[in-house]
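Multiple structures follow.
Each of the two complexes below includes chain A, the first together with chain B, the second together with chain C.
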Partner chain A sequence: MPEQPLLELRAVTAGYDRRAPAVRNASLTVAPGEAVGLLGPSGCGKSTLARVAALLHRPDSGTLLLDGAPVRRWRHRAPRAQRTTVGVVFQQPRLSADPRLRLTDLIAEPLRATGRREDVPDRVAELAAAVGLTPDLLGRRPHEVSDGQLQRACLARALVLRPRLLICDEMTAMLDASTTAALVAAVEDYRTATGAGLLAVGHDHTLLKRWCDRTVHWDDVTSGTSGTSLEPSVPSAM
Partner chain B sequence: MGHPSSIGADAVTERTPVLSVRGLSVRFLMPGGRRVAAVTDAHFDVAPGECLALIGESGCGKSVLASALLGLLPANAQSAGSARLGGLDLLTADEKTLGRTVRGRLIGLVPQSPAAHLTPVRTIRSQLEETVAALTGVRGRAAVRAAARAAAERVAFPAGHLDRHPHELSGGLAQRAATALALVGDAPLLLADEPTTGLDRDLVDRTVDELRRHVDAETGDGTGRGLLMITHDLAAAERIADRVAVMYAGRIVELTDARRFFGSPGPRHPYSRGLLQALPDRAFTPIPGMPPELGDLPGGCAFAPRCPRATGACAALPPVTDGLACHHPLPASGAEELRSTTPAPENARA
Partner chain C sequence: MTCDAPAAEAGTGSTPWRSYGTKRRSTRTVRVRVSAALVAVTVLAVLLVPPLAQLDQQAVDLAAELQPPSWAHPFGTDDLGRDLLLRCVYGLRVSLLVGLVAALVATVIGTAVGAAAGALGGWADRCVMRVVDTLSSVPHLLLGIFIVALFRPGVVPVAVSVAATHWLSTARIVRAEVLSLRSRPYIDAAVSGGASRWRVAVRHLLPAVLPQAALAAVLMVPHAMWHESALSFLGLGLPAHMASLGNLVQSARSSLLAGQWWPTLFPGLFIIVPTLAIAGLAGAWRERINPRRRSELML
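This part shows the complex of A and B:
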């Protein structure tokens, strides 16, 4: 028996309508310290699967195991130990940042929510440096910074509780080449320092092949079915 | 074809540019007397049948430049310089001229987010018909209907989807619908503002290939269209651009032939080189630091604080020579060095 996977999804079916699930029978594992890239076209259901893996969406059926332990509760009902094992970065920083919070509070929020207020000054300073945010940016609110700067803050927020698994759902799809390379480098520095695993979801196979130890295609993750029920969002004709 | 003077111009020099921008600057006046230098002293032409890609990091002023050309700057903006399009200066034209002769007729806008650009409560057919009626001489219900169908056909938008609302379309079809609307007025200049943001790679390729096709196709008067594509997607720019303009902190720092830029000898401005080297199929290394605030630019070269080649000379603003604004450009032979530092994609993880 090889070492126990950090994350294991077994035959997960999930979606927003039981009659037409966005994900059917998907299986995927991430070993401790491993970086896995999940590739698929827009609209295939890969973000839904990422939400399941991040304990943010309860699947209709199937099993999710973290360190071999099955996950039975989701979102805020999930036990804290499981919830804080996973950090998530989403595609659109504007939609995932509270517009009222200064960047420093955005990054510190998970610490406050888990009663680790005393760690705030040290952790925020440490992470701001790691993701390349300067002190004057930390005092600003989301509307006063660029998408790239806000995504840097969202990455810092995802890392603040030292997750052992990081899930990046199209983290760099809105960003320019240099900011993309900077954010990927920040993730890799964190993983080198902590040995955390990574599930990077995206459609850019040049990027994911370069970034990850292993890439899997959506069709292989959901094999055993004839594909998803969604109508293809990309017409096949050129 | 055309009138005698344009034939003469064609014969003597290259074809007259569709768009000619000289010394374009845009300043935003902020509360408290602060001034934001969004665009500074931009010079470029777009020729008929040419695609010029304007590239740079987000927040460098690219979209402000597009808004200036369309006369869509907010009230607190001041612009200077000129942008000539068919005998008209876009920067001094009044709102009536912009509304009646420029938008849609002289400039077709391909928007950043087609889903947000299309009217959500109306079908694609209804929006195309309205645009045909507003921008062309076609009159009569049957004729307008036929013209709208032809406009959809031109961008390969399937006729069976014409009666759908925007939310019922995939990203690719919404993009085609928006492109169809941009082409209805047969404008000599297409302006595409980040047309590929958020699309997956196949869709990016298809979208830019379609734009390229419309640039290569002849317009009604047989002169050809120009395309100004604003993008941070370097792969999309490489795919369709004839020339590339690199913008940093509101200034165009390099303007060059696309094949030379992406291939050999490669970019000559250290910033352009850094951008290319950040790509995952090249070195995948970021440019250190972040772009400066446009409201608080350093006195000399704005890139100097991030530049590995910066010297004392960079405290002065570099003049633009030969399409390049840099005190110490990379040598033209630097291409070999650039290529040799590019590791193979598979073994390159740090």
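This part shows the complex of A and C:
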């Protein structure tokens, strides 16, 4: 009997218009410590599925289980402990960073929002080093840094509450190869240290094959065969 | 922030919305400078003249009634021989006070209502916005008259009536802004990071809408001054003995028919010039913070 999955999506249908859902009948599991790559062409609905998995979008139907417990409430209504179990990194760093916050406040914001101010200096310094942000960058605002630097800060923000599952929604799609390698390495270091699971969403077949323990294709997710279609892939060698 | 680039630097044309011709740019700079000078003179006059000039604006001198402008009385005198310059400055003082208080109160109410409607969404948003639509459909001067008629004449009822009828446009602007911000990924990131509704509103949404709300407040000051004048002119605003610009114009109506133009002209100019100057400054600020939305904020 395999251990209880960290994240399980069962027959999830979700979207922004009930008559034309972006995701139909998608099923996917992520075991604790496992890295799953979700491959699909752009516009197929994988970002919507990632938002459902991060408790940011209520699905029209289907079930989501976190640690075996079904999720019944979404966004603000979800219990804070459940929400912070999952960390998310979005595709576009420009849009996912509040333009008024300095990078250091951006990274520290989840700690402040959850009442853990005393951890701020230590965690920010630790994570800035882990994702490769120098102290002078930390004092800048989003418009004063490059996309790659901002995405590093967004990754640090996603990791600051030590989530047990990290969802990277096309995290490296906008970035060059060296930044991609650095961010993937930072994620892998974090996972090695904490044993966190990973759901990496993307369309870069080569990257996800090398990065993840297994990759599933969008068509398999929505046809209900992803639970068994374990594509062999090279163990993470990044 | 990039907003503090002075207008004098407009000649460098480094920012995209300053890419139109130099001629237009220079007229705008002149407008901003003239407006700033007029606002400065107004504020100084209102703050300094009453304490410095130890003159009684209510002093009646029936021997000097309705004198045309002269060195002794630059704006002439009214039908009770009171100095019009002094009364205009005192009137402006009251009008500005009403304008500022009303604009501030209206902006606070409008921002709170608009932000709550936008942030909560769903049925709360629909209910609040239908109330806003209903109130907007009533002519606001009429509603204002109704409100002042409930109280004794005074500064507070006038400010309340103007504020209570003018928060609607601010609420609309703030709600629209909040709705567009709500779906941004950085709000998703905050929710995922464990932020409460309150935290998202105070930390991310309100700071983003404040520039728009502050601009709406400044644009509302001249509008509120006009309303005060209109209510006083109709005899419903401030008590008749109080020097307010509306009262001055109202009491000068009879002498205008007799050919005495100065008791109407100078208070009228005191209504028009400062309000245009404030509107001119606010307009320049509006173009700076959001050049594509000139038409959205009504005056």
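Here, the second predicted complex is superposed on the first by the 223 of 238 C-alpha atoms of A that agree within 3 Å, B and C clash if a C-alpha of one lies under 4 Å from a C-alpha of the other, contacts with A are read in each partner's own complex, and residues count from 1 in each chain.
The rule is short, and it goes like this: a residue touches a chain if its C-beta (ideal position, glycine included) is under 8 Å from a C-beta of that chain, and two chains touch if they have at least 3 such contacts.
The structure presented is a predicted model; accordingly, all values stated were derived computationally and were not measured.
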Superposition on chain A - do chain B and chain C clash or fit: fit
Partner chain in contact with A:161 - chain B first, chain C second, else both or neither: second
Partner chain in contact with A:9 - chain B first, chain C second, else both or neither: neither
Touched partner set for A:114, first chain B, second chain C, both or neither: second
First, second, both or neither for A:206, with chain B first and chain C second: first
A:51 touches, of chain B and chain C: first, second, both or neither? second
Which superposed partner A:185 touches (first chain B, second chain C, both, neither): first
Contacts of A:90 with chain B and chain C, given as first, second, both or neither: second
Chain B versus chain C as contact partner of A:80, first or second or both or neither: second
Broader residue contact with chain A after superposition on the shared chain, chain B or chain C: B
Superposed arrangement (fit on chain A Cα atoms) - minimum chain B/chain C Cα distance in Å: 5
Complex contact set, residues of chain C against chain A: 184-186, 188-197, 199-200, 203-204, 207-208
Chain B to chain A touching residues, read off their complex: 56-59, 156, 158, 170-173, 197-203, 206, 209, 232, 234, 274-276, 278-281, 284-287, 289-290, 345-346, 348-350
Chain A residues touching chain C - in the complex, by the definition given at the top: 51, 54-56, 75-76, 80, 83-84, 86-88, 90, 92, 95-98, 100, 109-110, 113-114, 154, 157-158, 160-161
Residue ranges of chain A touching chain B (in the complex, touch as defined): 41-43, 132, 134, 146-149, 173-182, 184-185, 188, 203-207, 209-211, 213, 233-235, 237-238
